[in-house]
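Take a look at this one; I'll ask things after.
Per-chain residue numbering starts at 1, and chain names A, B, C, D, E and F are given in the order in which the chains are listed.
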Amino acid sequence: MTPQGPILVINPNSSTGVTQGLVAALAPYALPGGPAFECIDIPTSPATIATSEDVARSGLALAEIARGRPDASAFIIACFSDPGLELLRSLVPQPVLGIQEAGILTAMARADRFGIIALSERSVARHLLRIRQMGVLDRMAGEVGLSGVSALDAGTCDKVLTETLEAGRGLVRQGAGAIVLGCAGFAPRRRRIEAELGVPVIDPVQAAAVIALGAVIA
Amino acid sequence: MTPQGPILVINPNSSTGVTQGLVAALAPYALPGGPAFECIDIPTSPATIATSEDVARSGLALAEIARGRPDASAFIIACFSDPGLELLRSLVPQPVLGIQEAGILTAMARADRFGIIALSERSVARHLLRIRQMGVLDRMAGEVGLSGVSALDAGTCDKVLTETLEAGRGLVRQGAGAIVLGCAGFAPRRRRIEAELGVPVIDPVQAAAVIALGAVIA
Amino acid sequence: MTPQGPILVINPNSSTGVTQGLVAALAPYALPGGPAFECIDIPTSPATIATSEDVARSGLALAEIARGRPDASAFIIACFSDPGLELLRSLVPQPVLGIQEAGILTAMARADRFGIIALSERSVARHLLRIRQMGVLDRMAGEVGLSGVSALDAGTCDKVLTETLEAGRGLVRQGAGAIVLGCAGFAPRRRRIEAELGVPVIDPVQAAAVIALGAVIA
Amino acid sequence: MTPQGPILVINPNSSTGVTQGLVAALAPYALPGGPAFECIDIPTSPATIATSEDVARSGLALAEIARGRPDASAFIIACFSDPGLELLRSLVPQPVLGIQEAGILTAMARADRFGIIALSERSVARHLLRIRQMGVLDRMAGEVGLSGVSALDAGTCDKVLTETLEAGRGLVRQGAGAIVLGCAGFAPRRRRIEAELGVPVIDPVQAAAVIALGAVIA
Amino acid sequence: MTPQGPILVINPNSSTGVTQGLVAALAPYALPGGPAFECIDIPTSPATIATSEDVARSGLALAEIARGRPDASAFIIACFSDPGLELLRSLVPQPVLGIQEAGILTAMARADRFGIIALSERSVARHLLRIRQMGVLDRMAGEVGLSGVSALDAGTCDKVLTETLEAGRGLVRQGAGAIVLGCAGFAPRRRRIEAELGVPVIDPVQAAAVIALGAVIA
Amino acid sequence: MTPQGPILVINPNSSTGVTQGLVAALAPYALPGGPAFECIDIPTSPATIATSEDVARSGLALAEIARGRPDASAFIIACFSDPGLELLRSLVPQPVLGIQEAGILTAMARADRFGIIALSERSVARHLLRIRQMGVLDRMAGEVGLSGVSALDAGTCDKVLTETLEAGRGLVRQGAGAIVLGCAGFAPRRRRIEAELGVPVIDPVQAAAVIALGAVIA
């Protein structure tokens, strides 16, 4: 294996707590001699990417970062709205993965129909646009928005966990055979949620990370 | 990380050459302390799974194997027709991945439209049934069947490589932004084909392998 | 009209009661001088094809039977999961019809949207895979699974009839303009259910039988 | 079996030659004691239903006829544009079948993808509207329009037969596994075309006739 | 700007009250020196186009009118079932717009998902056929039928307004980002409904009228 | 009619020539007493929005402008990639129209299948993403990219006109019943192209302009 640059995992919000969660979530996938997962955030961003404007601004910030990192072997956009995904692909030669795409596609590799748990109701319509664009609408069992929680709380707050489990149970009842966690911040909760729901639960950052490994190593 | 059983990669044909190719293709993804990739074939099978009957028979053979391996942490069905995929999922609690599904979905994580290179023209219609079933027809740029080559030759014969590159170039001209190699035997050629075509080339076994890592490790 | 071999109607379970129901259901369609409907079952099968494994095994058993009957003018696979449909088509030159396909397509010839009544909830997800594969998802109003009844009881048990009518009424309220009975065993109840629901009710074996007549006679 | 009124097969053009062809095509499906196939035409119509206006006018004429035949057990609209199909269904209680719908759906019961041979290029766009409305576009391999021939010539003219076979071969090359003859007049040629093309060839009137048998007999 | 003939807006029912509503609704769009909106009705028609037969008959009546008006610069079919749309397009060279098409497409230009309010439940299934034919089913949030009201009452009766607002609120809750009023008679209520619902509300006649302006002026 | 603020038509490139073309193209639609069409460009932008980065940057610039114009009655984003469309809708209360959406939907109101002429081949894949997102892929006959021309040349250069006509003829042969001009700069050529091709030709800015009139006037 040729030495390779890191897989740059960019959390486009400014929450260092979320970034630390990414580091922990990806640690188990570090191959000896393989690319490191380098996780960074964008200090000038808001703590949660919540609005369409946040998404648009972070797309350009991500482009700036990606252009400055010819050493990276791949990029992961660690925000569930996949900000800047097409943009980065048009700018840099390395593989670029979005966690919404990777999370949903990984769920589709595990079960026929997927459900999504989003941080808030207002993200649901925006996600729907992407899912229709992906051409995979017929595989979606449903999407549920939580009560408007932050990316950090998604992985750390007990009340949010309770809410998340309830949302997941509802999606399973609607026919979801796999659940996609709709934020990069959920990672610390994946195993717990999976154990409770009894169906595959996909952390979208981990999903993107292993696909990135497959892309850069051979 | 808890010690985990191997990820069992089942080549449902009897070609030990193909199985050795799988071992080589997956070696770079072995995580220290993580699950091993154990690659096996089915000595009583034909050398290439080519007909619908081969697919049906191998599905049941795979079920028999999967039921006998409660120690495995996951199963990969290393045949591009995904024989027995739903069957195994209904029988065993572990994650079960089919390489056609995993390969196509991984291509969809890399580019908007995918193309497929199959071993023979007669597989193309059978694959189409699966792609429509997957609900991802609108993402397919096309599928090209080679002149009826064996799984082993796919990864070892120079004449087949030439034919594969020509098929790949045609698919790129049709708009494919990523190419899925439609057989477990292509693995030794992936990097070469990727270098020649200039678009992501997906080895479906590697694609399934990293998704399996994501499923069993956390 | 040239003399023609029988249309072989294969009930892939072992319930002779179901087979007798088929004989009765198809008797009215016997054309003088035309092919007979020869109904058989598979004594080594379970009494109801319920699991994915039952489906896979019966597909191969059906292939064996079809290969041994060059005298037949057509084959009907009388199980609502259409086991072995593609397999048989790849093996024998005669027309091969699956009752799920034939039943759904016949409902689509009678009304815009169809509903399906299945024997159990656990079949519904398996049927969905086929309906998406058929590319007719946009025509489905819904599918309801009964409480896990046998193929024989579907056509003979009064309690099941009550349950069936309730399911049918629910589907009509959801917009179904025609109802497909999701098992070969329902035939004795078709007229009664049709009278009660007030919409076309399709017995899938009869649906396949008349399409078979159209295929072999001209 | 209760005595039943005839299945009224309405050729909405004025070609008695076409009507005689229908009589011959349906004779083999007459069940002893079952409903007769009564074939009629509309003397005030043009010899071929070719334009959108022909279609619209014949829809109303068909409605008039259907309303006047409470004795009929079912109606078949024997024109490939299915004029008046929804209208008749809204007006009379009997089953109403359109031969375009019945022909396409029957082809879908025989093979994965269908092709259509139309009388003229200008019908193709009109048919496409119906096929999209039917929600089965993903199953169509293609449609070819002949050089603008009459309904009568479709079944009687040797030059048209040659043209039809050429069209059919083109559709098979495009992946059609079954061919639908796109006019009620083709019936006399069905067996010949089927023998030449080597795939199932569907006469849409016969297709509708057997579905009608299934609807009225039980 | 060359002087141009009027845009002929044909209300295919006989309600002069509805026609007067059209005149009022279109007055604000009259460009100085541009084509006038000439609104007419069909005195021999019923007061509301409600049944499939009404739709079929009015299609032919519209064709008669359109053929007699070579002076018109465009035609608008002011009935939500778009009677005769394809027919008129095949007969006359001028632009022909249907208000169902124009209304739905305009809603799609304003928001991702649309809802429709129809005059009665029994129109909903007929509309669905058109929406599937238009290929835009994935953009529909839902359709609600009112309790069977007349075209005139849609724009003038207070009880109907209350019912309409309730239907609209239900559609917004189902995810509709824009509401299409499903009858030419609703025009006088558009602004009021828009103000109450807080989402774009499309009067389909106004929608067609401005598209007609775009077609005839340049 | 209440006095209303202008409909702000924002050309997101810096070509004042294109902006002047917009002024001329929209002049005929100015209603007396109605909102003016105020056409502006963005001097800091490139002369043609060609790359994904241009699209992303202009989306944010458009948002800035829209937020600063509470007096406007509606916004039109006069770039065929619809930069910032969802973003602006999330930020301002006024109607926001994108010319790609408006142009395609208007073509769909005129004919069953549309074709698109883009400035360059490299835009085609980006447009496809939007068309799939719009859920209208089944209505597209094709898209052809010109040889990489500027927005200004699209409406002023004779060589580009020749190329445009050739592209249009190809699309009509592929079944396009209406052609969408894929850039705001084409407006001066619309009538000429329409006359030559013999099918409706949609200038997307005019299409958006009249829909905007319909939105703000009642």
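One rule holds in what follows: a residue touches a chain if its C-beta (ideal position, glycine included) is under 8 Å from a C-beta of that chain, and two chains touch if they have at least 3 such contacts.
Note that the coordinates shown come from a computational prediction; the quantities given were computed from them, not determined experimentally.
Simply put, of A-E and E-F, more C-beta pairs touch at E-F. Ranking all chains by how far their C-alpha centres lie from the centre of subunit D, first place goes to A. Centroids of subunit A and subunit D (each the mean of its C-alpha atoms) stand 52 Å apart.
Inter-chain centre distance (subunit C to subunit E, centres taken as mean C-alpha positions): 44 Å. Note: centroid distance subunit A to subunit B, computed from Cα atoms, is 25 Å. Residues of subunit F found to touch two or more other chains are 89, 129, 132, 135, 137-138.
If the chains shown are joined wherever they touch, the resulting network has some other arrangement, not a path, ring, star or complete graph. The set of touching chain pairs reads A-B, A-C, A-E, A-F, B-C, B-D, B-F, C-D, C-E, D-E, D-F, E-F, using the touch definition from the header.
The touching residues of subunit E, counted against subunit A in their complex, run 112-113, 138, 175, 177. Per the touch definition, subunit D reaches subunit F in the complex via residues 125, 128-129, 132, 137. Looking at the complex, you find that subunit E touches subunit D at residues 51-53, 55-57, 59-60, 63, 84, 86-87, 89-91, 126, 129-130, 132-133, 135. Residues 1, 25, 28-32, 34, 89, 95, 97, 101-102, 105-106, 108-111, 134-139, 190-191, 200, 202-203, 206-211, 213-215, 217-218 of subunit A touch subunit B in their complex.
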